[in-house]
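Shared between the two complexes below is chain A, which pairs with chain B and chain C, respectively.
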Partner chain A sequence: MKTMMRKTIMSGLVATALMLSCTNLDEELFDSVTADNFFKTQEEFIAALGQAYSSLGGLGNHSNLWSIQEISSDELVITTKGGDWYDGGVLIQLHQHTFSPSNGFFNNAWGFLYGGVNTCNRLIFQFEQLLSSTDPTTVDLANKTISELRALRALWYYWLLDAYGNVPLVTDFTATGAPANNANFAAGRTAVYNFVESELLDVLDDLPTEKTSTTYGRMTRWAAQAILTKLYLNAEVYTGTPQWNKVITAADDIIDNGGFSLEGLYADNFAIENSGSRENIFVYPYDKVFAQGFNWPMMTLHYASQGVYRFTMQPWNGYAVVEEFYNSYVDPVANPGPQGPVWKGLCPDVDENGIPDDTGTLDERLSNFIVGPQFNPDGSRAIDPAAEPFDPDGPPLTFTPENNEIFPDGWRQGGARIGKYEFEVGGTNNMSNDFVIFRLADILLAKAEALWRLNNADPEALTLVNQIRDRAGVDPFTSLDADKLLAERGREMFAEMTRRQDLIRFGKWSDAWWEKPASPDPKYRVFPIPQIQIDANANLTQNPGY
Partner chain B sequence: MGAPGQNDTQLVRVKEGDPLGQIWGPIQIGVNPDGTPRLQDLSGDGSYCNCNDDRTVIGNGLPKFLIGWNNTIRYKNFDLNLFFRGAFGHDLINSYRGFYENLESTTVGNWNVVKTKYYNPDITKAQFNSSHVEDASFVKLDNATLGYNFPVKASGIRNIRAFISGQNLFVITGYTGVDPEVRYFDVNDSDNGGRPGSPDPLSPGIERRSTYFTTRIITVGINIGL
Partner chain C sequence: MACNHIPSERRKTTDLFLGVYLGMEKQEFYDHCWKLNRDGIVIQGPGNQSVEYKMTTDDSTGILVHFYPNFHNNRIYELPVLYSYEPWAPWNRQYWSDALLTRIVQHFDSTYGKLDVLNHQTMGKVYFRIDGRRRINVFIKDDQYVQAVFTDLRVERELKRNQNK
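Our next item is the complex of A and B:
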């Protein structure tokens, strides 16, 4: 009996096992969202798009695209301060234009940019699956979303084209194999230029034109026109053929139809709560909690500035402003305007009220800098307890426009600091200000330059530049020349990732400036393709000269 | 290496056709009058350059061989179990020394200078080089347990054993850092409030500053068998 029962149970188990076997292994997911059960409503489309925009979060970090663009220009420098900030010499190489493909910053920026491209490619591929849907609403939403993603991808390629020149065009998420760039540098760079232009022109009319909280920080028609304006402005550098008339056409669309206007106060565009700016065209909306990575207070301020702003973390004392660049604001000849007390040089002497005894132009855009003696919230001087004996200002913290040397013992308090974006008292290493990628002032100056390039006596060019100067509270120019245009762009666009391309376009990139000898070799007008990428992909051709 | 001042400093080389584990950097041959380490001009072009021409393989992060020896000795009612473990022939970059074994005012503020047998007061600059790469061969007593079995007469109890056990009792090594253990993975630097990254198996042989001391654990116990 016992044996028989055992047999029955056994055969029963075998039968059950056979019945459970089946061939359909598709699983139904209940705990996560997939492409099959997502992408139904407009909210879900926007949520998926978020991944494409969050790729922009690397803009505000150290050692990424912004760093290579800025440290290599005459705006900013990171001096070696004894044992701090040497970092393998890569910062000095960037400033002095002696950089090589092994510089790790180039690989960081490359990864940041192609990471953005790849996310766009993936989402475009996913949304293309929806185009065969029978629901016309879904198809319509998918088409619009694809257009937006193509515009964003064009922005990544505009940055790649600007930084590295001849880069491989990867547009298909399903493509396998190592991508190649053109063996001919000029032809390759022109091909990327043409791609950016044609993509943007193609999607322009599909992009939203309204400015609401839904389209804030997203690719609108105006953001796409801003990319085109900047692309055309540098067309001669990129392709050899200038496109000044196209600059004017693209800029005019933004100026006439975009509904943007200059903010009354320059600094309002960069305030902690700057999402209300009427001037900003395209931003990355950082948040100290939900969208972290905007690290400027750490990157530029002094260790002892922690007490000044009651930050939860100690700043790193890195980025400082080159003195000549700072002086382009306060110099009454180059920048005529109302004169008053300003910090200059070593700013050693103040009167009994703490007012500097030097005089210079009171440009409202001096809010770009943090300079002079620094005070704690209780009114006491911030103190650097480890001040070097050779530091002329001693332990009380004073940001002096003057700096002594780039290596090996830069003054710890040397150089004005980047005050462009308002720092939050009691803040963390992450800021909540929205990072401005394009704004109207840039577009106005681009149009002014294009008009001036076509006709040096164009009155509208002068009017546009003076519109910018008027807002900054300085005197209007009576005429324009290349130096004035470049300097005005510098003062207005400081630390907004335009200085390098402006210097190249005006033929000043190879000039000598502070702690940088002349760099006549034309190879430095683009950055090298990172050695790590060359090693990993035999199809890549290094830029000429590297 | 990391902040301050030694980001973007090459520490390892991964070369096609070569073994993994190559520690890569300049060779120190003395001290310059300004207190910086004098580094060898390997390319022979007349001066040291901060470039790969003047860097070479200065260590090997992977061990040549490992040993493990587990032995139990019984004498009368006593038993003693010992577990020795060792690794030989691997080097480690001692990051603590690379940053703090110098009189560099901005790095350590002249406080808390690391002073090992390699300490040279003439060095006033934190700059990674061959002098921070050490042979980290070691033998460790991972575990030792001494037990005593009481003779039992009472019914209902089969045995009673008392023991004392210790883990990480001693290390024999010439390495001056925190732990000579082989680092098969690199977790990257955790400076400026950052967290260690995901383990990288291509860069063995680096002792990072996030290394904490190994704890020694002593356990005392009684086993009663019913």
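Our next item is the complex of A and C:
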């Protein structure tokens, strides 16, 4: 019941804001609230905040921040399948690190991120009008709300800092001039870093600490500390100066005081009804009716998967897992643990170590993937009636870990698919699972890494990593090194928008991987500022090298 | 704006744009979109309105168009469409939705016939037009987006009737 209440209240909050996009004009809509006509009670303050949070609804769909983070990493790929999914070559550019400022995905993500900033700026401006009120309760509520909005705005800027580096800092909704970023990239990126840090530290003590139905999906102290943990974890990349001790301090606040714990089952964090997770720190509460936009089953599953899941809509057969990444779970050497049957598809009978191709590590996090033969509810094989003659498995639908090529004739059934979030049988193109933005496992691994960076033999670092491995049902490590830490983060955090920054931080971003040659040019460590934005604002300086 | 692909002589009150029409079967819509995709006219876009194509204005400013229909009995009965200027940013005020609304309404006027306007209590200006079974509403969604909604009134009436039962 508590879980349902949480979900209902936050979904209601977001839904109030999303009524802006409702297509029924009979509804009462609140798109032009002003301080004097709307914000009077605590409930009205919260409802107004929903507008700010609803901006996060772009996280779970294609061609946005999540896409540029994931496709450009070694986790995911979208192959061109005949005429499908070429889309002007932008997807291949992302995966192969040949992207340019004209790639439309960068402008979509830029608009998404600055749209979030803009909504926060507007609401902060509106709430600031209330600070002159003679009613102390109103002033107190306004101050708390402004603090929450500043924390949320810091999240948007953290993502901008991570993706684009040197971006203009815009905090005044009434400002009309075209802002500049710093002509010096490093100085500009450091300025954004400093802004995110100072904003969060400034509001930290004003944010709620309780975990209730009214704070679910909102900026709490723990969500803010999670941003700080990730900011400090990547500080050396962002500013040139590592901040390992600050990682530990921020993480410890969450670990010691936040009241979070690892879920017994990894997959429970991503279930359709995951609002009861004790591990998730900050989420966006999607709802298939009231807060739509989370459409991973459409993005990843095969057209014929519609019958398997009895979806009302036909999936698009896009995102697939890179085989080497999938193998990092089942490989008994890299990921020691109990051995058993795992799907390896079209691999040779035995690998170079003599391991049979159908045996591998039974890591519970294999729930991240949908792989192998697909069956309809009546037990019959799902059939791809348009299977190409060169598809090795023919019409019966089988997701093989292998992909043959990125272009032009990728196998229609190639690659494991993203199974991280539970799909609803009979569902629509919208999911109700809450999208996990921060969770405890990420924080534990961040602390472990910081401890390890300070002292490679730190026993607590090993204990923390093994805590994560124990939950996954695999063997503990006896020691740590960079490769193990990166691989463990990969297995645990698959498709949670961390892989790109992890690869950069561990110096692996430029490496070659499937259908991607080595990309040593350092410019690719940030995405380019979209050309369309450069063209529209002469005060913007493009990132170096683009 | 170069997005009206429906010859005037065969315009019907079920026609929308890009060959999509009210009552179009779901599978036909998918097949049609795959063809548009293969022809390079649309790509997979963000958000719930996940088919994306680009219109260009007379001054070459791009307008991104995102759409995805709602189906009833396997046929399109409603098509929400989102429009945004490609160079939108908080500081590019000339590309905010209030300026875009004017352009979109002009475009609709020339494509579907002149739209009327009403002042909605909370939505502000809402432009609309009804031709036979097709209703068009156009309004500002937020600072970035203009929303248009094509609705099959016949189906909407049926749905409302069922809802009230």
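Quick notes
Keep this in mind: the second predicted complex is superposed on the first by the 500 of 546 C-alpha atoms of A that agree within 3 Å, B and C clash if a C-alpha of one lies under 4 Å from a C-alpha of the other, contacts with A are read in each partner's own complex, and residues count from 1 in each chain.
Please note the rule applied: a contact is a pair of C-beta atoms (placed from the backbone, for glycine too) under 8 Å apart; a residue touches a chain by one contact, two chains touch by 3 or more.
The model shown is predicted, which means the values in this text are computed figures rather than measured ones.
With the two structures aligned on chain A, chain B clashes with chain C. In the superposition on chain A, A:89 makes contact with chain B only, not with chain C.
Touch criterion not met for A:425: it reaches neither chain B nor chain C. Set against each other, chain B and chain C touch different numbers of residues in chain A, with C touching more.
Once the two complexes are laid over each other on the shared chain, residue contacts for A:115 go to chain C alone; chain B is not touched. Judged by the touch definition given at the top, the superposed model places A:201 against neither chain B nor chain C. Residue contacts after overlaying the shared chain place A:512 against neither chain B nor chain C. Of the two partner chains, chain B and chain C are each touched by A:316. By the touch criterion defined above, A:64 lies against chain C but remains apart from chain B after alignment on the C-alpha atoms of chain A. Of the two partner chains placed by superposition, A:47 touches none, neither chain B nor chain C. When the two structures are aligned on the shared chain, A:187 is found in touch with neither chain B nor chain C.
Chain A residues in contact with chain B (one complex) as well as with chain C (other complex) are 63, 83-85, 87-88, 90, 104, 298, 313, 316, 429. For chain A in complex with chain B, the touching residues are 63, 80-90, 102-105, 298, 313, 316, 386, 388, 412, 429. Of all the residues in chain A, the ones that touch chain C in their complex are 20-21, 23, 25, 28-32, 58, 61-64, 67, 83-85, 87-88, 90, 104, 107-108, 110-112, 114-115, 117-119, 121-122, 168, 170, 173, 175-179, 292-293, 295, 298, 312-314, 316, 318, 429-430, 532-533, 535-537.
Of all the residues in chain B, the ones that touch chain A in their complex are 3-10, 50, 52, 102, 104-109, 125-127, 192-193. On the side of chain C, the complex with chain A involves touching residues 26-27, 30, 34, 37-38, 40, 43-48, 50, 52, 62, 68, 71, 78, 80, 84, 86-93, 95, 120-124, 126, 137, 139-144, 147, 149, 151.
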